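Across the two complexes that follow, subunit A remains constant while its partner is subunit B and subsequently subunit C.
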Partner chain A sequence: MDSATRFNKYHHIYLTLIGVIMVYPILWMVIASLTPSHEIFLTGRFLPSTIQWSNYTEALSAKANYSLLDFLLNTFILEFFVISGTIISTSLVGFGFARVPFPFKKILFTILIGSLLLPQTITLIPRYILFSKLKWINSYLPFVIPSFLASGIGGTFFIFLVNQFIRSIPLELDDSAMIDGCSRFQIYLKIILPLSKTVLITVALFSFIWTWDDFQNQLIFINDVAKFTISLGLRMTIDTTELMSWGPILAACSIALLPSLSVFLMAQKYFVEGIATTGIKR
Partner chain B sequence: MTRTKMRTEPDLMKKGWKKHTGILFVLPWLLGMTFFQLWPIVHSIIISLFDYSIFREKEFIGFGNFAELLFDDDAFWQSIKVTLKFVFYTVPSRIIFALLIATILNRSTKGIGIYRVIYYAPSLIGNSVAIAIIWKAIFDKNGIVNLLLSNIIHNKPLWLGNPKLALPTISLLLIWQFGSSMVIFLAGLKQIPKEQYEVASLDGAGVLTKFFKITIPHLSPLIFFNVLMQMITIFQYFTGPFVIYNGQAGPADSCLLLGIHIYRSAFNMFRLGYGSALSIMLGLMVGLVTIFIFRVEKKTVFYG
Partner chain C sequence: MKKNNSVRIGLILIALFISSVSAFGTGVDEAADDQSKPVQIRFAWWGSEGRHDATLAAVDRFMEKYPSIVVKTEPQGWGGFHDKLATQISTGNEPDVFQFANDKYMADYAEAGMLYDISDFIGSIIDTDSIDKGTLGWGSFNGTLYGIPTGMNGQTLLYNKKIFDEAGAAYPEDSWTWDDYEAAGIKIAATGKYAAVDFSTQLDYVSVLIYQMGGVIVDNNLQVVCLKELTKIYEMAERFRAEGIFPPMEETVVHNTQQDNYFVLGEAAMKFDWAATAPMFNTSLVDGNLGSIGIAMMPGSSEKPASVTSLGSMPLLIGRNSEHKEEAATLINFLINDPEAAAILKTVRGVPVSSKARTSLRSNLSEVDAMVFDAVDKLSAISLPAPAKYRVTRGGAANLGTIIQTEGEKVGFGQKTPAEAAADAVEQMQSMIDKAN
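After this line comes the complex of A and B, so read on.
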């Protein structure tokens, strides 16, 4: 065995070991969610003595008139509008910065970069005041309207991503379309958008997961249980039912993680490439 | 003469108008930037000078809020201490971990895709409420971590109930999410020319020499960028302790992050002015550290 293969072999041992630690919390959650509550913390055994499906039925049963299914549905509705808005706005703005000349472009691009460094916590209270004056509190407008204006969660990052991608499309395509009499908007709509499918899928996927995981904004802008998202609903579940045992709680967690985790696993290539390109070409 | 003039003028006008229509493409962002970013910052500064509650008429008090937080609010100083500790525990570990794993992963040929997925997943889902709840369960007194450690340590530590261990345990939740930095570093490593390593090997350079003389300098712009972005995110962290301690700040306020203090002031005690003053202090701190990181960058980062 030469030194290179030996090196590789050792490294696979570390990598696997760390990999086990990485997935263990999630693996444990899934197994524990199928374990009778009294067994979860007691035994040293890896698998439960019996599979306790009732944890899931209990987690999904309605509490205070609403169940996890309502919160899931709410979150999907919110996601639909946020993702649509994000795709439309960030593709337009990304195209603008990549292809169209306009006054103060350099300064505006610098502001765009600068806004990446802005701690969002500073804007939290003024946004709350703004949204309450607009009577948007307890609706999804504080999430949907900013996403249509390319300034929702991850907005700046997405503009960057789209901008980088469009820059890699040959300019000759625009030139020949312009000679054919296409306007800038037609170039955007008929040439650039169809070619940008991959980057827009990436934007949609990141937008989905970040909205799914968001907690602080939802906590502040939504107070009505009827409008609760999965993050808020899940927190309410653990908070209101002190007596509720770990089995159903972990079943609820598994349900809450299933959509984001499966989206990631199915589309991990988009996530990897999306994060890698913005990191490299800043 | 007049005919040509009449013909050119609308053309020119059209051209001039066209030059400005470009801005329509970025208009959505301009509006969003103005109303949801720039104006809120200005507004935050303004209301930090007021005694501003949802229930009462607001009242101008100058730097009263700042005087209060500096001289009259032990929780503020506690939250500064906790936040700085938290950034210090979390950011370097995350970056170093991401760097080491990316370097190892870059050398392996088999299974790189699977490892990458496994390491990257936590950084995408780790900020959710569900993961915070899971952290609470696995670090419970009778949780799986103590069960696994029961052969080594006999008295079960109260990870999240002990003022000394609580913050590091939450920090662990964020270090667990090193994956996104790792993916960026991995992409950067792919761009380093292999010949440089081969030449160094011929010169008799060992693994460590190559790591410090070739890998680190090449990745330094990326390392700088990641340290900066992670620092900004971690300074504002909120979800983990808020969910785990149900709105409280952990044993003996040991997890009172600035983000939690701001939330409590503004949305539990309804003191919006005071909360704004606190968030401006957060902004100042992040700003200072950002300037510091840029200074270090100028001296150390290698743009090859």
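After this line comes the complex of A and C, so read on.
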């Protein structure tokens, strides 16, 4: 046995241990979702005394006239528009910064990167005032329109990501396309976009997960239960100041976890590739 | 041809953008300007499933009764409720009627002038005759009435009948003095179980004890004036720990939440807590103890009757920027006073504040709910509101609680004498309040 494989073996043991620690909270949630509510926090046991499937039927039943499935559907509708908007806008802007010469490009790019450091919370009140004057409150417009303008959740980061990726594509491809008579937009559409598939999948994935997990913005901008997304729907019945049945709540959380988990697992290959080729870790 | 293609894709992008805009329309429904259209008001509250279902049903009944008013409901969980409300209030976009956590936020909001004074509607639209003055006081700040509390609650002595039976001790009575409490405690401690959960590290209970001794934590000049009382409480707790009435501090610090404490685990016989938590404990006491809960007034209540706090919680407020304040007041009055609303809402916001609603509900209550109603009736007879409690909330009551807890734990761990710990706690609370004001 040479030293490299031995290193690999220890490496695996070490990674498995860390992996178990990381996955434990999720595992606990899934197991607790099958536990009778009164056992969850009170008994020290890890496995339930009986498996309580009714937690799941309870979780899926309607609350305040809407069920978890309505909230899931709402979230998918929102995700569809947000992700399309984000891909279209960030790839265009990223392409612009990477390939198109225009005045003040450096300064504008610096400002863009600077805005990465600005926490969302700081702009919350100004955004609320703006959207409320535009009469966009209680709709999905505060999420969809910014995403089409590359300023939705993670927009700046995505521009940066796409920009870095496009810079790694050889300029000669653009030149030969231009000699063949392509306009700049055609270069974007026919050369750059197909080659940027991996990074765009990364963007779509991040956008999906961040919108899925976003609680604060959705809480502030959406009032009507009919328009609630999954993250609002899950929190709607959680009131820590009174008695709650944790079993169904954790069952609902487990259901809500499925889409983002499966999307991530399916797209993991592209995801890792997209991050690796841009040389960024976040 | 190629050019055409890219134009076409460009058009598709634009179409997608426009469709996304039109798909959702504009968010806010147009205001009902002409008279024939019903007036629309928004109503927001937090809660869990039971409260949501009952409140929605009550609102439906309201809309049947008042066809000219349409109520848009906005049920939410507790987390984030007041963050959202703060954003809405600061931009003039708050709901017409909303539930409010008065014990935590009333002082800050009222002093910032963000709340609406509803006293104009009292008597004309909102009937408060069946609400006792002490409870109503919890909807006001500095003499101005901002909201009508919906639920009543107060600190009581909860006990586990099973442990008392096993020890052969008599159940706690409303007339108990602190000596009776200690005597029963020693009897129970002899059986190997603990008599009570340590209350000396919890602001909620410490503050009640301080009021009972005739003091307040913070006076109206924002001075911390509870040194003598706090020293006594820490001394008493130290004695109770030595007698085995309280568990040792090492055990108290690891079992100190509502979900995990020695009372709920069936290891301690008594706990101070809000009367309305009794049904929760009754169903969540560990195996073998289910259904054995009892409620009594706190020890010493019969000697110092006016010193126990009763809380009128979750008041309903009218939005300062509401354009339909009369309709909002009509909804509040319906939810508080209408017998039909009381029949639907039952106890989803605690024991109803209206004595009429309490009487009408009494006939079909579960045993434990009836105990809570009795306890609240007794509390409302002997209680006065405690204005000092409100002062405490300013600048973060949670921080005062942390100080009382940390210093109380130091006594329990033998690091400080009760007098030292109380002096340090008072000093820290004073500097905290000075900083915040």
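The criterion applied here is as follows: the second predicted complex is superposed on the first by the 236 of 282 C-alpha atoms of A that agree within 3 Å, B and C clash if a C-alpha of one lies under 4 Å from a C-alpha of the other, contacts with A are read in each partner's own complex, and residues count from 1 in each chain.
The definition used in the following text is that a residue touches a chain if its C-beta (ideal position, glycine included) is under 8 Å from a C-beta of that chain, and two chains touch if they have at least 3 such contacts.
Everything numeric here is computed off the predicted structure, so don't read it as measured data.
Set against each other, subunit B and subunit C touch different numbers of residues in subunit A, with B touching more. Once the two complexes are overlaid on the shared chain, A:Ser84 sits against subunit C while remaining clear of subunit B. In the superposition on chain A, A:Ile220 makes contact with both subunit B and subunit C. Applying the stated contact rule after C-alpha superposition, one finds that A:Val30 touches neither subunit B nor subunit C. In the superposed pair of complexes, A:Tyr128 makes contact with subunit B and with subunit C alike. Using the contact criterion defined above for the overlaid structures, shared-chain residue A:Phe148 touches subunit B and also reaches subunit C. In the superposed model, A:Arg235 makes contact with both subunit B and subunit C.
When both complexes are overlaid on chain A, the residue A:Leu60 reaches neither subunit B nor subunit C. By the touch criterion stated above, A:Val100 is placed in contact with subunit B alone, subunit C being left untouched. By the touch criterion defined above, A:Leu189 reaches subunit C but does not reach subunit B.
With the contact threshold set out at the top, residues 41-42, 124-125, 128-129, 148, 215-216, 220, 235, 238-239 of subunit A are in contact with subunit B in one structure and with subunit C in the other.
Residue ranges of subunit C in contact with subunit A, taken from their complex: 2-3, 6, 9-10, 13, 16-17, 20-21, 23-28, 42, 44, 46-49, 51-53, 56, 72-80, 83-84, 87, 90-91, 93, 95, 259-260, 264-265, 279-280, 283-284, 286.
Put simply, subunit A touches subunit B in their complex at residues 7-8, 11-12, 14-15, 18-19, 22-23, 25-26, 28-29, 32, 40-42, 44, 89, 92-93, 95-97, 100-103, 105, 108, 111-112, 115-130, 146, 148-151, 155, 159, 184, 188, 209, 212-213, 215-216, 220, 230-231, 234-235, 238-239, 246, 249-250, 252-254, 256-257, 260-261, 264-265, 268, 271-272, 275-277, 279-280, 282.
Partner subunit A is touched in their complex by these residues of subunit B: 19-26, 28-33, 35-37, 39-41, 43-44, 47, 101, 104-105, 107-111, 115-122, 124-125, 127-131, 133-135, 137-138, 140, 142-144, 147, 176, 180, 183-184, 186-188, 191, 221-222, 225-226, 228-229, 232, 235-236, 238-239, 242-243, 246, 259, 262-263, 266-267, 272, 275-276, 279-280, 282-283, 286, 290. Put simply, subunit A touches subunit C in their complex at residues 38, 41-43, 63-65, 81, 84-85, 88, 124-125, 128-129, 132, 135-141, 144-145, 148, 183, 185-186, 189, 215-216, 219-220, 223-225, 232, 235-245.
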